[in-house]
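So, here's a batch of structures to check.
In what comes next, chain A is part of two complexes: it sits with chain B in the first one and with chain C in the second one.
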Partner chain A sequence: MVTIEYFGPSKDFTNKSIESIQITSLLQLYEYLEIQYTKEFSEYVKENCGITVDYEYIDKELGVEFNEGDEICIIPPVSSG
Partner chain B sequence: MGQEDIKNELEKLRLENERLRKELASKDSNQINETYTPNSSDFTLDEYKRYGRQMIVPQVTIEGQKKLKNAKVLVIGAGGLGCPALLYLGGAGIGKIGIVDDDTVDISNLHRQVLHTTDKVGEFKCESAKSYINKLNPHVEVQTYPFRLSTCNAFEIFEQYDLVLDCTDSPYSRYLISDVATITKIPVVSGSGLKTEGQLSILNFENKGPCYRCFYPKPPPPNSVTSCKDGGVIGPVIGLMGVMMALETIKVIVGSYSDGNFKPFLSIYSGYEQQSIKTFKMRGRKADCLTCSGQITKEIITKGDINYAEFCGVVNYNVLKPEERISIEEYHKLVESDHVLLDVRPPEHFQIIHLPNSVNIPLDRLKRIESLENLGFDSTKNIYTICRFGNDSQYASRYLNDTFDLKTKDISGGLFQWSNKIDPKFPTY
Partner chain C sequence: MSKSAVKKDAIKVFLTSSKLDPTEGIDFVKCEEAGAVIMFGGTTRNSFEDKKVSDLSYEAHEKLACRSLERIALEALDKFSDDGKDTLIHKVYLAHRLGHVPVKEESVLVVLSSTHRQEGWKAAEWVLEKIKAEAEIWKKENYNDGTSSWKENENSSVHKKN
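The block that comes next holds the complex of A and B.
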């Protein structure tokens, strides 16, 4: 299991800020988001959001594997002030 | 003079005599220390006193205070982030502060834009900010730029400053500021906030990055970009972000961060449930970043080769045919007819104010409804959709007409026009 924490506008898609799911890779995360929420959201996370594992940004271009207990965060751009 | 008075007088003279003897003795033995070293060219007596409480903190010291006095800081946006940042930067004794903002003070700003006051409504925000800072600290020079930052003027302004604070509110300005600062080789203290959360980062520190494009290479789709006007924001949330930006600015200027100890970061403040700050580590510049790799240059930007507005996109609100829309005046004539008025704003908006007999289904919920029966109203009647400004209602009508083959119409201009043209007593917010 890994935990996924959603910040800012990404919570508008999920209506929750945190959940635990059974996935082991970044690809599986995109698949999960598409099935559970929408394709639009999955694309948004893939294209526009920062993703961190254990509080460190990952390079989304690389095939990232997750470990048991990883804390994954979805960080969307917020431009307002 | 009575005996008692003479006794008192004698006692007074005795004490004075004692004091003078002591003074003389200490002078003789050279014990008076000349602690006042005349390096007063740096600070006036007022400044010693004014900044004393921060100069005695080991992280600042008098050397740090001199750096603050010699610093030139540019604040872009004198709104929810800019106001609190400016208050503390002005108070802290930054030598020169530039303020860029082409907007004027509106009453809807005042709950969070704390240096503007009710009597400044209608004035330029940068001028309102300047008059406040002048009153707060006469040692700070304030330069105002009451126009919009653009590809034409950005370099000329940035080149006069050591550091820039991004207190703006659109993807357009975020990318422009980051690009120009990176090319000009100055750091950006960047903050943002919406609803109950905020983000904080330092970009292009010591020209080692990362920049805004390293964090967010692709701008978000325009329909996912929410402004404070649409999404709302709680005053203290955006206020905290502005105050945090002021502290990061002080740290950069004083030299608390060095090449060795600076770790690129992005922090997220959450106001709810429990207040918390989480800090995320970023490795540094992205190898393929267009700005950091030098592909975007001053010439390219000033020539207008990058269309920032186009790059960030615009929301297409022309999704309906003319016959699928009616004006507010036309709807006013139909108010008494048998129809359904569908208000597609979020429930918090609906709670503030709505037209009588309207039904509330927020747009995002409406789009998840897959059968006519689940709409919850009589779909055989005439259906009119409405929202705050007449944007979301167009998407609602498009969805309903396409998905269920209905003939709904959206009301152009929404409730804003209802207040403007039909009922001036209907509140706008």
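The block that comes next holds the complex of A and C.
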């Protein structure tokens, strides 16, 4: 299982800030988000959001594999200030 | 003291749910070698397009946001030095408020001291734009009609990060 934390506007899609799910890759994450929420949200994460694994940003272009216990964060476009 | 330890003493960055205090920032950055103190405060405006804004609310990924603020502050010390010879930016103080920020109150403070005013102005603007592009903080505008809207900064670059 991995933990997914949702921040900012991404929580409007999920109505939750955190969950644990059984996935092992970035591709599976996108599939999960599409099935569980909407295709729109999966596309939003893929195209617009940063994704961190254990607090380090990943390169979404690469085929990323997740390990048991990984903490994943969905980082939408930011708006400080 | 190592160079990196000295640099870390020259910066103060934090997130808080309390009201921001520009005077604290100014007092932190003032030093004998500096001829200029630059202070920017981003404050809540009462309108967005034709809608009346009641307040702004902010949330953050605190660990990532603090790390970003620290990185930006340290980069400012180096970037605006005189080819590494003279220290031109002496101290940097960055603070961002979380939770509700009423109209006229500051959500973000960028305060720094510089040898001369030229590099001070440039560095402060650069720092603010970097914060707005990279700090893992999100703003929601809350309107008088009871609706609200998440914002996105035009220069947000988190989706390109790796």
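Rule of thumb we're sticking to: the second predicted complex is superposed on the first by the 79 of 81 C-alpha atoms of A that agree within 3 Å, B and C clash if a C-alpha of one lies under 4 Å from a C-alpha of the other, contacts with A are read in each partner's own complex, and residues count from 1 in each chain.
Everything that follows uses one rule, which is that contacts are C-beta pairs under 8 Å (C-beta built on N, C-alpha and C of every residue); 3 or more make two chains touch, one makes a residue touch a chain.
These numbers come from a predicted model, not from an experiment.
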| item | value |
| --- | --- |
| Joint occupancy of chain A by chain B and chain C, clash or fit | clash |
| Which of chain B and chain C A:Cys73 touches, first, second, both or neither | both |
| Which superposed partner A:Tyr44 touches (first chain B, second chain C, both, neither) | first |
| Clash-bearing segment of chain B, relative to chain C, as chosen among 2-10, 20-28 or 74-82 | 74-82 |
| Intersection of chain A interface sets (partners chain B, chain C) | 7-9, 12, 47-48, 50, 52, 55, 57, 73, 75-81 |
| Chain A residues touching chain C - in the complex, by the definition given at the top | 5, 7-9, 12, 47-50, 52, 55, 57-61, 73, 75-81 |
| Residues on chain B engaged by chain A in the complex (per definition of touch) | 77, 79-82, 166-171, 173-174, 191-194, 197-199, 215-216, 218-221, 224-228, 231, 233, 238, 241, 266, 268, 270, 278-283, 364 |
| Footprint of chain A on chain C - complex, ascending | 42, 58-59, 61, 63-65, 67, 96, 107-108, 128, 131-139, 150-153, 156, 158-162 |
| Chain B partner contacts - residues on chain A that touch it in the complex | 7-9, 12, 44, 47-48, 50, 52, 55-57, 73, 75-81 |
